[in-house]
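For reference, the structures are reproduced in the following blocks.
Consider the two complexes below, in which subunit A is the common component and subunit B and subunit C are the respective partners.
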Partner chain A sequence: MTRFVLGRIGFYTLIAVLLAFFTIPLLWLASAPLTSDPTYEVRVPDFTFDNFQAILEHPYALPSLYNSLLLSVGTALLVVALSALAAYALSRVRLPGRDALLYALLLLSSIITGTAAMVPLFQLAVELGLIDSQLGLILILSGGLLPAAIFMLKDFMDSTPKSYEESARVFGASPLQIVAHVVVPLVRPGLATIAVWAVANVWGNFLMPYLLLSDVEKQPAAVIMYTLYTEGGQANLRLLSTFGLLYSVPVVLMYLFVSKKYGFRFHGGIKR
Partner chain B sequence: MAQATSPPDLTRETAEPTARRYSVDAAGLGRWRAGAFAAPALLLITVFLVFPALWVLYLGLTDYRLTGTAAADPKVVGLDNFLSALGEPTFWNSTWLTVQFVLGSAVIGQVGLGFAIAWLLRDKRGPLKRIVEGLVILAWILPSAVVSFLWVALLDADGGTLNALLGTGDYAWLLDHPMLSIIVFNTWRGTAFSMMLYGAALGNVPPSHLESARLAGASGWQQLRDVVFPHIKGHILTNLLLISLWTFNDFTPFMITAGGPDGKSEVLAVHVYKVALQSGQLGYGAAVSTVILLINLVVAVFYLRLLRSKK
Partner chain C sequence: MAAIELRRLTKVYPGGVKALDALDLVIPDGEFFALLGPSGCGKTTLLRTIAGLETATGGAVVIGDRDVTSVQPGGRDIAMVFQDYALFPHMDVTDNVAYPLRIKKVAKAERHRRAGEVAARLGLERLMDRRPGQLSGGQQQRVALARVMATQAQAFLFDEPLSNLDARLRLEARTFLKKLQRELGVTTVFVTHDQAEALAMADRMAVMEAGVIRQIGTPAEVFQRPANTFVAGFIGSTPMNLLDAVVRGDTLEVAGCAVPVPDAAAGLLADGEKVVYGVRPEYNAYAPKPADGSSEGALAGKVVIVENLGASHLVTLDVNDVTVQAVVPEGSEPAVGDEGFAAPRRDRALVYRDGELVTR
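On to the complex of A and B.
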């Protein structure tokens, strides 16, 4: 009996320590945006919305969120479209060297990371005139995400039934029509997964935009956030806390949506 | 839905090998059109992923610089960059710090804590489990720029929450213990992945095996060692390789300590940035990148072999 009680006490103590460890760093993000004069200390907020007003007036805050949106949606669209086409072709047609190609893609995507490739990517962007180009950044980010996306989608396409495509072909549909009207509706959950995965990846990416975009008006929220707390002088905590919160909310909403709809089981691959 | 229809498909294909080609290429793409479908993706991958990887190998052999005469007219210097890296204490310092970072925050921190949480909550249901898991996952999904600043605020010497909680006055954690700070931070940041993986793995351990071990009087540790570990060995190895790879390539420490003070938390990822893009020694930075690529290659090949052997 005492052993049982001790076990219970031990269990809840551990859970309490865990909760504290994971909650304490986050408390500030929840309280400071609603506090009129926030310090680094976590305090009970006085529920003011002045800080959100201040964000509206900041010249780069809201535009940077728009830039983040532009970069992540642009990359997601490109990655979904190109990986769907490639994955479909690789799934249905035995191109010569297909298996070696898929293996090489998977290997490449895991070894060529932002850290390993930052020097040549920076050089490449300089040579191609892609510094300060959001389109260039979208292309570079897409190139990094495509191998894993093709790999995940190919698995998905392999497991969809082919009988619909056969019947569409019997009725005289062209291959492109079959892909657009038969295959895409069938694999929509897979496409949605890739889109969410790509958006999440780009939304949080700091290194690539930090390297390749020097114009503040083009920089996404990740870079503006970093600039806000590292630039000289006293950090503006009202701005930082509120901006951090606004920047985080979409990620949390997306997570809630995905976990509600599919159950959050990404199993690797979500982060690189 | 897909699962329900594929088995009959398979049996038909094996029974009638001539029908196979037609049923696989159901839309009648043919090789040329299939190639055209795959081409745009492969082009982007080639230009922005494969080419940079090859170029980094070449750049590492040159004296390329961001500015100055070597910027206009770079010369091939052979293995000089690699040799000077080997003789450079800052390179070894960064390598050693990276080893500490990967071992401390990934292998010990994330795997240990992730497994501990999954084990503690293995047969729990209800709100407690959801709250703990939700918070751990929240730390993982928030943008790295935001969580980095949250930790800068937490550890701040002047009024940071940690000092207030511990009553340590104005102790400057980031200046006095920069490595410890980023190791604890990265444990906090990345535990979710290991927790979810072990949660799924523990669900596959047959309850009857645990039950009989319990009836035979096995203690908690004995159950873990003799029943659970043999079942999840594969998961542990997969998990170790993946998070080591991610942690090794993680640039987030830069946003917390920027490698400082005095290079005391300058892991290799930050080191490359500092030598190549801040000091402008692109050639030398590329040589260090090559080392990173090679280490990634070893880990990734090992991981893919493991995946294949499982299939």
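On to the complex of A and C.
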């Protein structure tokens, strides 16, 4: 009995420590923006809005959030559209070596990450005149996300019965009509998952925009965050914490919205 | 409305599996036709080839007067109900039924009106706003039927239309489908592995085995005079007794007993020939004693098993180590261990030579 109680106490202590480890930074993020002179400690805030005032006056802060939105939504749309078409084709058409191709794509894209391919990508962007262009960045980010997106979506497509499409086909629907009327609605939860995943990926990506966008007016929030210093070269905790909070809110809202609407089912489409 | 004609239709899957082997078949306009066979016999492939979902390797599919062998499914003027009904789960009943019209670019108001009409005919008017997930199996089936009716196609194809329903509903749906088909008068081909379903619903049926049609005929013909031992064994809720026999003049020696040569084979057998004697348990009259005092013309044996079939019993006799079955009406069933006699009806018994029916 004593052993059981001690074991329980030990277990809950461990849980508490782990919980604190993850909660304290979040508490800091919630309290520091409302504190007039934040430090690295978590303190009870004095509920000032001066920090928000300061971030609003910062010339690049709000535009950078807009840039982040533009980049992530643009990339998500491109990735969803292209991966849906590719995954549908790969799921329904038997090609010799199809699975090998998919695995190779996935493997290569996860080994040769953006970081590893940074120099050639930069070179490529320069040659194509896509340096310092948000469109160029969207294309490059999409390229990086597509293999994994196709792989995930193909799984969704595989699990939807073919008879839906065959039925539409017998009624005379063209392949594009079948995709639009039947396949896309059936795999909508999958498409939503891919979209959220792509947005979150681009939203948090620092390296690619840092490398490829030199104009500060085009840079997204993740890059602008890096520039929030005081005149003394110290991290400006007032701006950093406030900007950090603003930076996280849209992603959290998106998760809540999509989770409510689609429930993040990872398989099956809609089944009767 | 149109007839369907298959000429030397062949389908070979990549890898060399021959699913259809030079099939010839004519289904006249307005007929309710069943494709029956065990799983893997090619019946679903045949249906899908008629629909155009599979491309024929050889031969031709003709619907009406038009050779549609190389026409896409949408251009064949046919409509199909799939085994799982394939109702679009994200559309309500109205949109599902109206979908074929949407493809034909009928205006929304008009196609909803026509969908409503067809659905009302099948008693679906109160379910128009429901999604397939909110419907019972029987309702889903009727929505699927309404959807093919909305196409006003020349021919309907049903793939195992009843297999997704529970046993009770299946009987109801059987009657309903047959009545509907009769009213609509549209040429309809359906696939089933259930011989009772085919016998009950079809005007005519084809029994298939390994990509080949083994017999075509009305349910009565197929039931009473199976053209070969395969069909004989496949058709009927209790399988036909198929017994090795030797011809002895105008009698057959079956399991050590002598039975008269059946009417159908009279005068066609050579003395001493080895054949297979077939009689359905339903046409095998069981009696505890021989009718006229002698065991002439009957199979004498011992009752091994008695199975209750409801209004009748299936009695299994051991006749000199050969199993013979007979159907006995309720009330007169024997006890296990009794001596008994099974007298095959001469006008219903059949003889098979090399697996094929011996007949004029």
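As a working rule, the second predicted complex is superposed on the first by the 241 of 272 C-alpha atoms of A that agree within 3 Å, B and C clash if a C-alpha of one lies under 4 Å from a C-alpha of the other, contacts with A are read in each partner's own complex, and residues count from 1 in each chain.
In this section, a residue touches a chain if its C-beta (ideal position, glycine included) is under 8 Å from a C-beta of that chain, and two chains touch if they have at least 3 such contacts.
Note that the coordinates shown come from a computational prediction; the quantities given were computed from them, not determined experimentally.
**Student:** Decide which partner touches more residues of subunit A, taking subunit B and subunit C as the two options.
**Tutor:** B
**Student:** If you stack the two complexes on chain A, which partner ends up touching A:F171: first (subunit B), second (subunit C), both, or neither?
**Tutor:** second
**Student:** Look at A:A89 in the shared chain and tell me whether it touches subunit B only, subunit C only, both, or neither; answer first, second, both or neither.
**Tutor:** first
**Student:** Check whether A:L26 is in contact with subunit B, with subunit C, with both or with neither, and answer first, second, both or neither.
**Tutor:** first
**Student:** If we overlay the two complexes on their shared chain A, which of subunit B and subunit C does A:V216 touch? Say first, second, both or neither.
**Tutor:** A:V216: touches no partner chain.
**Student:** Is A:G244 in contact with subunit B, with subunit C, with both, or with neither (first, second, both, neither)?
**Tutor:** After superposition on chain A, A:G244 lies in contact with subunit B alone.
**Student:** One more residue to check, A:P161. First (subunit B), second (subunit C), both or neither?
**Tutor:** Touch status of A:P161: both partners.
**Student:** Where does A:L102 make contact in the superposed view: on subunit B (first), on subunit C (second), on both, or on neither?
**Tutor:** neither
**Student:** Output check: A:L146 vs subunit B and subunit C. Expected answer is one of first, second, both, neither. What do you get?
**Tutor:** In the superposition, A:L146 touches subunit B alone.
**Student:** Per the definitions at the top, what is the overlap between the subunit A residues touching subunit B and those touching subunit C?
**Tutor:** Dual-contact residues (subunit A): 161, 163, 166, 168-169, 173, 182, 271-272.
**Student:** Using the touch rule from the top, collect the residues of subunit A that touch subunit B in their complex.
**Tutor:** My answer: residues 11, 14-15, 18-19, 21-29, 39-42, 82-83, 85-86, 88-90, 92-95, 103, 105-124, 139-140, 142-144, 146-147, 150, 159-163, 165-166, 168-169, 173, 175, 178-179, 182-183, 200, 203-204, 206-207, 211, 221-223, 225-226, 229-230, 240, 244, 247-248, 251-252, 255, 264-265, 267-268, 271-272.
**Student:** Help me check something: in the complex, which residues belonging to subunit B touch subunit A?
**Tutor:** Result: residues 2-3, 5-6, 9, 22-31, 33-35, 37-38, 40-42, 44-45, 47-53, 55-56, 59, 116-117, 120, 128, 131-132, 135-154, 156, 158-162, 164-165, 188, 193, 196-197, 200, 238, 242, 245-246, 249-252, 255, 258, 268-269, 272-273, 276-277, 282, 285-286, 289, 292-293, 296-297, 300-301, 303-304 of subunit B touch subunit A.
**Student:** Which of the residues in subunit A end up touching subunit C in this complex?
**Tutor:** The touching residues are 161, 163-164, 166-174, 177, 181-182, 185-186, 188, 270-272.
**Student:** For the complex, which residues does subunit C have touching subunit A?
**Tutor:** 51-53, 72-75, 78-80, 82-84, 86-90, 99-100, 102-104, 132-133, 140, 151
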